[in-house]
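Each chain carries a letter (A, B, C and D) given by its place in the written order, and its residues are counted from 1.
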Amino acid sequence: MDTKEIILDVKNLNTTFVSDRKEVRIVKNVSFQVKRGTALAVVGESGCGKSVTMNSIMRFLGKNAKIEADSIQYNALRDGKVTEYHLEQIKNPNGPEMRALRGPDMSMVFQDPMSSLNPVYKVGDQVAEGLIQHTGMKKKEAREKVLEMFRKLGIPDPEERIDCYPHQFSGGMKQRVVIAIAMICNPELIICDEPTTALDVTIQAQIMELLKDLQVKEGKSIVLITHNMGLVAEMADEVCVMYMGRVVEFGSLEDVFDRTSHPYTKALLRSVPVLGLADGQKLETIPGSTPNPANLKPGCEFADRCPECTAACREKDIPTFEISPGHRVRCLKYKNFPEVE
Amino acid sequence: MSNTTTTSIKAQNKSASSSLLKKNIRKFLNNKLAVFGLIVVVFMTLACIAGAIFQVDYATPNLTSMKAAPDSAHWFGTDTIGRDLYARVLFGGCYSILIGVFCAVLSSVIGAVLGAIAGYFGGKVDAVIVRISEVFQAFPQLVLVMMLVAILNKRGLGNLLFIFVVTGWMTTFRMVRNEFMSLKGETYVKVCEAFGMKRSNIMFNQILPNVMSPIIVSTTTNVAFFILQEASLSFIGLGVADSTPTWGNILNAAKSVSVVTNQWWIWVFPGLAISLFVLAINFLGDGLRDVLDPKQQ
Amino acid sequence: MLKFILKKLLMMIPMLLVISIIVFFGLQATGIDPINFMVSPEVLSANADNVEALRESLGLNDPLIVQYFRWLGNLLHGDFGYAFDGTSIASTLAVRMPYTFELAGYSLILSAVIGIGIGIISAIRQNGIIDYVGRVLAVLGQAVPQFLVGIILIQIFSIKLGWFPAANRVSPGATNQFLDAFQHLFLPVTTLTIGMVAVLMRYARNTMLDVLNSDYIKTARSKGIPEWKVYLKHGFRNAMKPVLVILMFRIPTLIGGSVVVESVFSYPGIGMTMTNAIVANDYNVVMVTTLIIAATMLICSFMVDVLNAIMDPRVRLGE
Amino acid sequence: MKKVLALVLAAAMAFSMVACGGNSNSASSGTASGSTANTVSTADGTLKLVLSTTDGSSTDDKVPTPWMNRTLPTNLMFRSLFLADSTLTSVTPDLAESYDISEDGLTYTIALKDGLKWSDGEALTADDVLWSIDAALGTTQVNSIYTSAFKKIASKSSEGNVITLTLSEPYSAMIDVLAQFAILPKHSLESVDLMKLDSDTTFWQNPVTSGYYMVDEFNVGNYFTMVPNPNYEGTPAKIEKVTVSYVNDYLTAAQSGIADYLYGNATDLVQAMQSMSNYTATPVDVLFYKYFIFNMSGVDGKQNEAMQNVEVRKAIMEAIDRTTLATLYPSANVLNSGVPNSNEAYNGFEYKFDAEKAKADIQASGYDMSRPIRICYYNNDQTSIDLINTIAFYLEQAGLKVETTLSNDGTTDLFTNRNYDIGFKGKSSFSMDEWYSEYLSTDALFANIFGGDTSFDAAIAAYSAATTEEEKTAALKTLQELEQEKVYKVPLFTVGTYVFTSSNVKIPEGVTFCNPLYSCDLNFANWEVA
């Protein structure tokens, strides 16, 4: 596909953690693309590796994480020209190459706004810091920019709030500040790691609207990590479903929600509470629990919990099949379809 | 049916806790320094106790063979009045380790109880106990000890133990209090309260076990601290009376400059004994911290 | 902020009162009769009447509570009383306190700089060489009794090498005051620092590790700022607060340590004064020195509180 | 792990470097301290002295009073009427021009030199002498040799430069005592409360002196320096400057090169000093008694029941092997009374060491064996601690329980709280006279310990009055017998003292050192510093 269309292309990403002298592979052969100007939702249960995947791409993991990939390609579009960056080749996770990208090109909104802000600095300064770093702007100019951003993000009384400290903010306001930090350098790609889990439901909606607005109006690309299927339905253009460190289903929102193919995705969708659940209708849960990533059996990781499991499922690694253009499923049910990398 | 599930849950719990224990032990064994510490501590303690049980002769002076260098009869040589230093270091170890362990454990107990009370009840009780601890904290411990020695005007072992315990509980107290402050807001405590459990039960049976690991770690390091403190006090002449050998007392010979330069064995062996034991205890404490405190990986 | 400082200052007053009560009544409990030390036994038995008059004039026959308030009143007027041998305690302290503050102060600064410095480097380069060596040295520094360190240093640097004097704070006829001070302070300050550095190093390392694992460090990195800024601006500043607290908690240990170190190095500070006073049962001196040390501790902890407030807006803005 | 072990080993080597180094190279340690003197000390031509702050004799904020001990620093500042020789019993005039003793030994006429001046220019007169004698009787910190001698002065007067002292009874040692007694300036001190005479820092940090030197600079806690006294009427000393540093430990001071002269009797000090090639060790003949004093009863009637039985006291002496104990000191001589065994007046009695007999005797005496014997001692040096520990061991062998306590003062503690049975003391005695005068029923201190027993009084008076050797010997024999019968205080041994001088100091030929706590003629004017 055209590098103008694809902003981020990940092929065969593997992330391994070394702990207690053992290596545990958390992310396995993950491949996906993010199209420019769209929103990709990465969904899955807690611990399925969604956050690790994104943090691997941004290189925010500690020294005990080993990241390998065939390719992590980021395509920057500047003045109609595309510059390719091969992130997998950058050695130092916090070196100048990575740093130059963080902020003006790719940025990240973290899960917990409560702890994502440095408690000892004024929020305005924290937002301005990246701007000053990348543009060499004067403090005063930067302040104007920050005020502008605060207004855009709907922070009331920005002139006053800009000189406040994080502990004087509510959770929702803090998350707006975190988003401001992510947005201030006008990046192309924003990775939002469960940005609303820690917030009240009403605030959640506001924040999500804000993000959607940004994506649509300013043509940003967003990767949204969540386990909230409702949000996915509202926000995403494409959906990537992960289970036990693998992408089990990838496709457009319609592919995944309306033509749900993988048994796990089906189970996941069934377990979403719907407002006005009919009397006597039970909310379904997925039987069993996620296996321990440290000692996995061969074959499909979902086999033990899968109602459609066959003996073949437990034999060897399952390849991915493309059941319609752009809709890929990792399940032997579709072995008649063409295999893809 | 319900029976079987309970047993299975119990069994699960059991296996889970035993696997946790196994994991912790494995983690501990992987920490070479901690294992080294444990071995040294156990070995030295056993050696000292064995010395005490077999009643090695640490007290008989022999002025004809005083200041004798180490040989096959006296492994560590003899001291300034010809007593066998090996026996003295063993016996002194008993007293020093006793002082360290006794004071560390008792001061931890006092600190934990007061910390639990202050942290759990909060309010005025907390304010009063915190003030008391601050008053104690305002005195340098050595100064407080010196003052108490002046008041009691005796240099017995009992007095020293008393003084160390009275002056040593504040750090544990602070730690336990802070933990209790945050833990008492936890749901499980609220649940216990809602069940109408006795407060003492909630404090000591429900909350305290969660704070045990930092207490254990700080107790370990306190053992080392008190042993060193005793040595310091002995040095300025306010420690245990000379008739009771402690490592500090024996090391006191290093006050004499000519002993330092001419009879190295008189101070090097007790000095090494203290340092090695303290080193080992600290390694052990660090190891325990790594195992027990999940935050410190 | 002003309110905060005032509140903290006001809280020191009852603390000091309680401490003075403990010190006064505690030492009265020793049952030492100062007359025995002030008057020679010969005079004691010869002129019982005069002695009684002296006792009366010193107010030793008044009830304890009266004596306490008189003592306290005198202290507030700057009258620290007299040692049993008749020297004015105020003049003794005027000379010795600066010496001890010098010793403890330099050790504090030095150990803070070295300990926190190495601790933070250890945390940043976790499991690197500095980390490893630092950790082992820290444990070793804690394991050797302080007086033994002092004695060994004297043996090596004063006697064998002859680089530094082994006693006193000032040499007779020293022409270069700075050099003289450096020579006399070097060994005792080193001795005190070795013990202090160990604790600070360990603590600073652990705190910095905690801080570096926190989310806002990730946020800082996501802005693409250079690593040194991440460490110093975001990491260090936040790690400083708990380290400062532990630094404050170590000050008593430092003063206690200086008691031992002063005695090893014949250093004429209040530690020596106090040791001598205790051995001589001179409780007038013990009372005042203990009180002064305690007051110093309170002031230190007050200053740490203020510093904390300056550094942490959550404290400053009253949360 | 290996790194750790390596570091531990390195630390151990640092330990041993200190330890072994000193063991092997006593010669090189000499050169090392020589170089120390270069780096640490300042100007040449300076005599460097030290004062100890840990033996209780001086504090580091004033010049020590010359009325307790006459150590070298004070001898260089204060003079007496006479100057003793190294035996301390033969004198030459110093402040005095001449003296005369009446036939009956009761009237002393002493003429002062003309034109004597204090360092501040005031005249030194007979008034100063008379005031000093009065003051010594009224102040607290004063050696008992002065008070017991001056108490015998019934009247004193002066006429111009001539002082007349009339005694109530003959006292043969009066001139010797006066040779030690430093005269202090009346004009500077008469307004000072006698109780605080020795602690008046305004005077003692810059005293008005009569000797070679006066204080130039006093640095509290560290040192004082002395420069020649311009008003000294004799030949000025060749040494231009003297520094006196306050230290905790003489040996460290010597090794680090800040002491040209020091003294001591502790084994470790003596051995270490003897091994330093740049110091000369001179043994000095002194009467330094190490002795026990049994806490009996006070004039106030308070008794210590446990020690009343003389058999217990004797048995305690039998339980201790003093000959072996004496090996703790570089040169100690066992003795059995105040009279050294080598003295011809010694009566031959001996406390024999016999552990078995002692055990039996104590049991026979009916002593409650469960009651611990409490010993207090006040010297905190390693040798004293070793000695006490060994004594405790001997007593335990005899079946007794023992508690030993480091106390602040070996004498007053005995009677202020009767917590102790035995005091262990050291006394650098001026003469045997000083030893025996403690038995006087009128002795203010010991009356509280021996209950004011009058049985010694007559014999002591006879000894004080004795003028011929025969009379003295006879009196001493009587005293020894009394002493050995009563067993109130028992000497273990006398210990020899050493004076050490560094090679920096050139001491003129023919100088004999005396007891370093007393004053004698050292020909100091001709001392030189290299």
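Assume contacts are C-beta pairs under 8 Å (C-beta built on N, C-alpha and C of every residue); 3 or more make two chains touch, one makes a residue touch a chain.
Here the structure is a predicted model, which is why all the values come from computation and not from measurement.
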item	value
Nearest-to-centre chain - CA centroid comparison	C
Taking each chain's C-alpha mean as its centre, the one farthest from chain D	A
Computed distance of Cα centres, chain D from chain C, in Å	37
Between chain B and chain A, distance of the C-alpha-averaged centres to the nearest whole Å	50
Centre-to-centre distance between chain C and chain B (centres being mean Cα positions), rounded to whole Å	24
Distance from the mean Cα position of chain D to that of chain B, given in whole angstrom	45
Sequence positions of chain B contacting 2 or more other chains	237, 260-261, 267, 271, 275-276, 279
Shared-contact residues (touching 2 or more other chains) in chain C	140, 144, 155, 159, 263, 279, 281
Interface hub residues of chain A, defined as touching at least two other chains	none
Complex contact set, residues of chain C against chain D	33, 36, 38-46, 54, 83, 85-88, 91-92, 95-96, 99, 132-133, 136-137, 140, 144, 152, 154-156, 158-175, 183, 263, 266, 268-269, 272, 276, 279-281
Chain B residues touching chain C - in the complex, by the definition given at the top	131, 134-135, 137-143, 146-151, 153, 171, 224, 228, 231-232, 235-238, 248, 251, 254, 260-261, 267, 271, 274-276, 278-279, 282-283, 286, 295-296
Chain A-touching residues of chain C, taken from the complex the two chains share	126, 213-216, 218-227, 230, 234, 237-238, 311-314, 317, 319
Complex contact set, residues of chain A against chain C	58, 60, 62-63, 94, 98-104, 107-108, 110-112, 115-120, 126, 129-130, 133-134, 165, 167-168, 178, 181-182, 185
Chain D - residues contacting chain B, complex	1, 4, 8, 11-12, 15-16, 18-23, 29, 249, 251-252, 255, 268-269, 271-272, 275, 324-325, 327-328, 380-383, 385-386, 388-390, 392-393, 396, 402-406
